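By written order: A, B, C, D, E and F. Residues from 1 in each chain.
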């Protein structure tokens, strides 16, 4: 259990249940989109929304789901045009941290 | 030329040039991500950012790039969890308009 | 069934199920916050996020849940300082439409 | 009195007083920034935040404060890079409406 | 005087005056909404807008104004649906820090 | 080369090329708006969008482009009304760091 998840479990246990049962137990498992596609759109949304706390974890998940580092680089470049250069710059900084970790 | 593009051409001609030469002429054509993948992330970002003016055009482009209506439905459902129910509700309304048009 | 709900049902039926079962069937019914308090925070969030499509419906729900028109006026004024004057101005416009309808 | 202001006056009269006394009566009148500079930053912020309801009025105010149409075109182009192409596209559409009116 | 307030006082003294005289001296003191209700909507807006710098201080203020930790937990869970899971996750992290401090 | 730029160069080299060639090589150099005006609108947008990672660098650039510290103070105060007090508070904190450095 990641630190972020354990914090949600401690502070808002019902939200932790909903995360486990609905978001990860149901939505992420639906066959209508592959895990790789779900990672693509999640990473894109987190970059666009400047969600710096959650992006590193979902970048790692994206790598696990088969998105390559080069594809993440392309997503960051593409997003610069749709949510602005600053969102891409922060995403690049966080991606470097994730890439450097392994 | 779509109406939106012709308006940009009229009001901000240099931006129209940059759209044609850099965004669509270069970034969208880069081989690092397929057109379908680029449509997935663009649609996801526009839903998350509540960009109601631009989402319909990119939903049509997504359909042209091979994203199915069922996949758009899954993207909307997935985004509800990452950018909130209201962003998904507006996306559903706009998707229905696009789907009903053909 | 409101129009917005029927559109979600048509375009993204699983999201409609989640709305009925989880958001309205579970979260809104939890006793930890009164319905009035839930309306206060939902209206505040929709104003702050400039969610113009969803605010009217939740203003009507707030009135049903016991929030008064004068309290909605205070929320709008308070939000001007936390999310900016433009978000308050749009909220005032939409509140007037809701108030004028009955 | 513009329609937007009269609506705020009707729905949230204290906010209307704060707008008249504090925002327009004090802040906009402070000599630390010229009216033209205040219009530049207000228009930039409204474009970046996708505040479609308030941008037209502030584009007209910017023209009154000495910002030229060509400068508005440059602001829109510049903002495309900082808040994303969609914010610039909507700004261009609204600027065309304002420019066409006079 | 909190650190945040003293910084505003140093960098933007007129804004500090407006905070003291208008926001806290007038708006927060208006009888149209209780202090508890104002804390509910302020916390909701700060969660929804991902305002990580300001949320801890307003969580402490909410506790002072009679909002319980369990109610904050419910607000965070409720907001997950209106502004997205990431905004709730960051709010949970910050709430834990505030709760652990006392 | 700043750290932020070198990170973008490493993670997303094509984005770094676009920054150098298009954003800074072309857009910032266009004569339609002075460098000072471009700094005014960039700083305003970054404050409004709560882009904490990028604001310090652009505050330094603004000082280099002839925007004074007193003018930055006025921009922050002005923005409080258009994007909300929290965006101004974070901008004040970051401006103090930049001002204290030189």
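Note that a residue touches a chain if its C-beta (ideal position, glycine included) is under 8 Å from a C-beta of that chain, and two chains touch if they have at least 3 such contacts.
Everything numeric here is computed off the predicted structure, so don't read it as measured data.
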Between E-F and A-C, which chain pair shares more contacting C-beta pairs? E-F
Pair in B-F, A-D or A-E that repeats C-F, with over half of contact pairs matching by residue number: A-D
Between chain A and chain F, tell me the centre distance in angstrom, where each centre is the average of that chain's C-alpha atoms. 27
Using mean CA coordinates as chain centres, what's the gap between chain A and chain B in Å? 20
Multi-chain touching residues of chain A, meaning two or more other chains, are 14, 18, 23, 30, 46, 48-50, 73-74, 77, 80-87
Could you please specify the touching residues of chain E with respect to chain D in the complex? 14, 18, 22, 30
Could you list, by residue number, the parts of chain C that touch chain F in their complex? 48, 80-87
Of chain F, residues touching chain D in the complex: 23, 27, 30, 32-33, 37-38, 40-49, 70-71, 73-75, 77-79, 81-83
Show which residues of chain C lie in contact with chain B when the two form their complex. 4, 7-8, 10-15, 18-19, 23, 46, 49-51, 53-54
Enumerate the contact residues on chain C facing chain D in the complex. 50, 52, 73, 76-77, 80, 84-90, 92-93, 95-96, 99
